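By letter and in written order, the chains are A, B, C, D, E and F; residue numbering begins at 1 in each of them.
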């Protein structure tokens, strides 16, 4: 069976072509994995277009990403014991709060086992409970690429919607706002993001990229997170809709994939402890370009993990 | 301004091209309307593909349906004071239970005002509270076109999901199972529909249409609902996916639109008191055929209302 | 992990939601399986549009088919030890002849182990070597739904293209033409199909369905295959392009899915020994209706296998 | 160069794969052609969705139709000297009236040369001037498949829009209403079609097909046109939108391609003198099924021409 | 009803989410509006792909743009009395000249009432009569983003086609070429644009953006229009087709949305008196990215209007 | 007939709108042509998504490219006797080796006749035999835009797959590695490209474009090929998938069309002797942007040819 998966169009596809280990979550230490690729298929937190519940499946269907990252010169699957361990098991489809709780429980176990999680959403509400698990012992830093700061308050009866996970994380003490940078911000919800400024996050708007230059932005990201543990959260709507049409709240005027790659690659050698790619809604992605970008960014994160100290 | 809306591609589009009266819900008697065309944009009850929250918008965007129904020889907008009164106002986007309660309240007011509601979902969970409002005084009959009986029990902590509204309606005493016919049933969830049989509903499977002939099915529908008030609920997945790809739980082997029209038109002269078309998910409908069928079926229902005794 | 796969949009999807057993082919008796669901991702035999190499992946991605067949009243996964065993391993992507040889070898092992194969192509060239394996000991019967007879001779230097597998099978003595029925035939290549008539196959053109009625066609199929072992080969282009746009050689004027289901279901209780669904090209299937139909027909075949004597 | 066009995906595609003779219109007798396949790329007469100016190009792009018609047992290209002679040359893109005049002039020359025209629109306005040319000497009969009668009067300042060509043709004395049958009629514009009834046309609504049966409809068509010369005009919106989404004024509840083929094939042996397929708008046809149906129906017409007395 | 429109997927959508005031055109002063958002649904002036008659509807369907412009720090709907007043009423669908006259009349009334128009086309022919109305008293300046100069002469019998409005406007004395800048020019029609150079317009080709840098281009635009009244016309084909596939005459190698935003935002504080976004053809825009960009650019213009002296 | 082709949506479309001369290959000197536009419809060499066999047809269908190149100020069709001579005739569809041999033979004749070939693939395997023909007398230089170096060795039994043509060309002595530059390289197959480095090619990765600047890259290209004859091979996957979704092995993070144009245009005045655009797979290109870019790049090459010494 060695050769069975060698054709990109053949077989059952997994995240980044990693081995499929759906039984790992049932083992005490996740079977000794160092890195877990995880799907988190829920979109109950969206405020506009639903659909990202199919995000993990769409990213799995990407035929060719990796194994070698020529820019960072690393083959992450060769450097870490990693697997696609399937999706977070949810007790149901109808309650945002229950989904959040299920994610929290699952990642608490991953964190306890010391497994680095690389996740595919799902909407951005999933990052709240993930940070809750990873930052339990000490608040983490964050590189956050997105069109939106996602630091708004409770809305329509819940604090778990996809527009607020980073506020929640700060309030819970699991995210350090001073070590948080948000890049690509734009659109019309600026008034909802006061918390970012008040709490001390560094906010880089999309138009700042034009004035600063992308390498200065990348350098700023390195500076903000420093040499302490940090997380990467990549909302595909940080990119321009031409590159990522398949998402729930697109915003014109975003980053290019090359700019995003420059930022991520600049983080090499720093202490990344996990990451996610969220808000892939394949119903709006007839060419699959969004899923491709998401898979590529996940691969860049995995490369950083493989090279982290 | 008389001619302003005469081009089908111009202007702001409404359900069936009816006048737009968004202020009507704020008037005590809905401004004297006899028929209200209503959008119910929620998809929190779906079990598979989300997206029908955009159903009302998709059906509004259909350019040409009506005004004349040549088969029934009626121009319903000329026979009834009717308007598109906009969408049910929801208090939020994140709670299925809250959405159900909001629908219940809205339709209670419509029922109290004696306005006949013709609704566009949203997923099938919306029909539960609508029947609750219309059947408050006496249980109603039902012609139900669908691939699924939607009579399953509570699931994952809620009884309001889109697979159970008709069970709920019977249990609440607002739907008369003896005067309920379900047509087009197929797929793999038969074991969930025991309630339909136990409660005494008439179930016509898709393959029964082949053996009975569509006109016998239509005659059966007339017989079941009889001369008492009844409701029509049209889930577009009752049709074959070729005619209705844009839906959340498609099932191969369904009705054709012509068969569905024969059933609906056979109900002319009976006491229809409302109806809905549900489960239009335009993200899966690149040709807009699903929205077109949904609009046409809504128009057939409106024609029946205009000709009801 | 019991509940992990309960959401149709979650997890790694397999053919008909069967357990995934990619290691089975490496076990002597395929791990004791009675039925193997197999992908055969090759399209080197097509004469027009390529793309069906992605057919197995597309059918796997269908979210909901089965587990219960209400028309035949069977839950095939509960009746047979069955699994998705992945795809036929190919030595390469560039040689039609090599692909054919690899299929032949793989199915010879399945046949030797007594495992009933249910396959998803790939183009129709795959059926030749499958029949070669299943008919080795005695020629089998065939119910063949297709727009084309696929009994033409060698073309452009090969006899393995997708227009000729049934001629080959007869010439190799593995297919009994007297017990072969081809249903749905139409299009412009009639002159290539003389072999069907000469060898004694029963050919039912698409327009014959109108004159005979579908139930007479189904009865004819039962009669032709009789009570001896037979195979089912379902080319999705047997259906009309409205139902199956995602295929390589579409032909206007085909069967409906309901007609196809009537034919297949009429075969209940007969000795089906395997089957395939071929020519799904998802690049031409933006609504996924083709993949859905293919999955449903595969499920109907599986149901027949579960009920075969 | 004999083999150059043998691959369906290769080369420059023409209508029905006929030889390309763009110079023919410049020759006195169209180079001795008996049948001319002609594109008429204009959509200035549409009332809703524009786009059928690309209809000829879309039908040319269909890879495989013909050469053999197995149902009628004829290879029309072998029976008649025929060619794709390109498109009607228009003096411009901005004037409906000029387009109509250019078509009139072009077909007058074809008629004078005794060449049978088989045309691809463009919108239905093109049929008016074509009938004007073919019926100059004596009014012709007509088999008209369409959702709309297209017999309405002048609208918004012109009598040449796509909703009125058959009224015009009767008023000009080139079409015999008593020998005209319109099949598939439905939708909401019945009040515009009084002229059909008043002038004595036979109108078969879509729902009549269900009550009469398709073979009775076909027999009626034979009876209406009789043994005198007649024309066939096929608006793809006569079919249900599932089969023909790519059109400008779709109407739910139409014919199936198999029904349309039965009608056309029943006309074999009668004196067809030309035909057209109109209203193909490929912008709304992501699967190309509409173009495929259009090409097939054009091929059926060509077969009838080859077998006409 | 205050909250009724708070969900982006609910209700009847309007341009930029502005109040819908279809009755305003019937009031003497347009009901006291300062800014009118207007649809102009005509595509009779196109030279290639038709379809932009659906442009206004597509831009209205965009779910989320505004209300706050964080880069310019303004909420235009709060600064100006503005409404979506529906579409220009056309007397018909078949005459380009009549459409032009209807636009001219409508905008003359807007101009007389001192209402600033922000329009959505339709093809670029609409800008001619708009400039005619706005420039009646003194020629206006122009910032024109486009792939084409649109200064060619009469063609095929009309001077109103979409390739010539700016030539017309200069010849009519309503546009000041010395205060006109055209940005993003490319493609193959350069020989048609001599008038731009002869009349003294400033032409910035797409490749000039690379050599000058976008900020220099923006500065040049400020300089050209100066402190006198000017208009903004944004043809979406000024952007690269990846960002704007849904348009009638796409040209490879265009601007990015970020570049366009930089140009527009640089005009803040200058005397903009109106603007339009044209050539959105949603039939070619399966991901809706074109409509999104168009809505965003309209919003940028509205922001400039709100901040104009 | 002079005006017959003046409407971009009319008539039979050819590569760059050039005259169609399918008989030219049958003439001894190709009818005196200086430049031949040729389709090469084969995709048997692909390793992932098939479909580029339809590439030539897709590029022909592009409505508007040329005739004038304003940046280079040339009308190439006016400067050179050029025609679309149709597609390379293949003896069959099933053998990669045969296709390669057919291409080799065809281009040998073109080379012998001194006709400059500009080709549209097909997959990148076609460039091997083209270089074989053009470089027979002396090895040529190469400007190669691509995501992949395509210098890998034999795979799965063949050396003719689309990942290796440039290795083959060097080994055959028809390509001079010292005068070869590969631009846009990225993705995960770097380990397969050792031959590029070993043989002395200049490799510019996608991220090098960010650090060098595009004009330095262009200057490097000029320097590498120098003043001797060179070929241009443009794989559309050199561009980012947002600009070119319709291709078989997309790679995130590629060039923009403007960058590619800058590189190509910088080659003006150098001795280009042919070129190709490959890997257009229209099945993955619902907006046709990929075909448009391909046509534009072909036009840029033709412009260079027209201006070559």
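FYI, a residue touches a chain if its C-beta (ideal position, glycine included) is under 8 Å from a C-beta of that chain, and two chains touch if they have at least 3 such contacts.
Since the model is a prediction, treat every value here as computed from it, not as a measurement.
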Quiz item: Chains in contact with chain C and with chain F: which ones?
Solution: A, D
Quiz prompt | Graph distance between chain A and chain E, where chains that touch are linked | solution = 1
Quiz item: Which chain has its C-alpha centre farthest away from the C-alpha centre of chain A?
Solution: D
Practice problem: Quick one: report the Å distance separating chain D from chain F, using the average Cα coordinate of each chain. | Solution: 40
Exercise. Using mean C-alpha positions as chain centres, tell me how far chain A is from chain F in Å, no decimals.
Key: 38
Exercise. Would you mind listing the residues of chain B that make contact with two or more other chains?
Key: 9, 47, 49, 53-54, 91, 93, 240, 242, 284, 286-287
Quiz prompt | Contacting chain pairs - touch in the sense defined above | solution = A-B, A-C, A-E, A-F, B-C, B-D, B-E, C-D, C-F, D-E, D-F, E-F
Practice problem: In the complex, go through chain F and note every residue touching chain D. | Solution: 1, 3-4, 7, 9-14, 20, 22-23, 25-26, 39, 41, 53-54, 56-57, 60-61, 84, 86-87, 89-91, 93, 286
Practice problem: Name, in rising order, each residue of chain E that touches chain F in their complex. | Solution: 47-49, 185-191, 205-207, 210, 240-242, 245-246, 249-250, 252-254, 284-287
Practice problem: Going by the contact rule at the top, pick out the chain B residues touching chain A in the complex. | Solution: 43-47, 49-51, 53-54, 91-96, 98, 155-158, 160-161, 283-284, 286
Quiz item: Can you list the residues on chain A that touch chain F in the complex?
Solution: 8-9, 63-71, 214, 240, 242-243, 256-258, 261-262, 265, 286-289, 292-293, 296
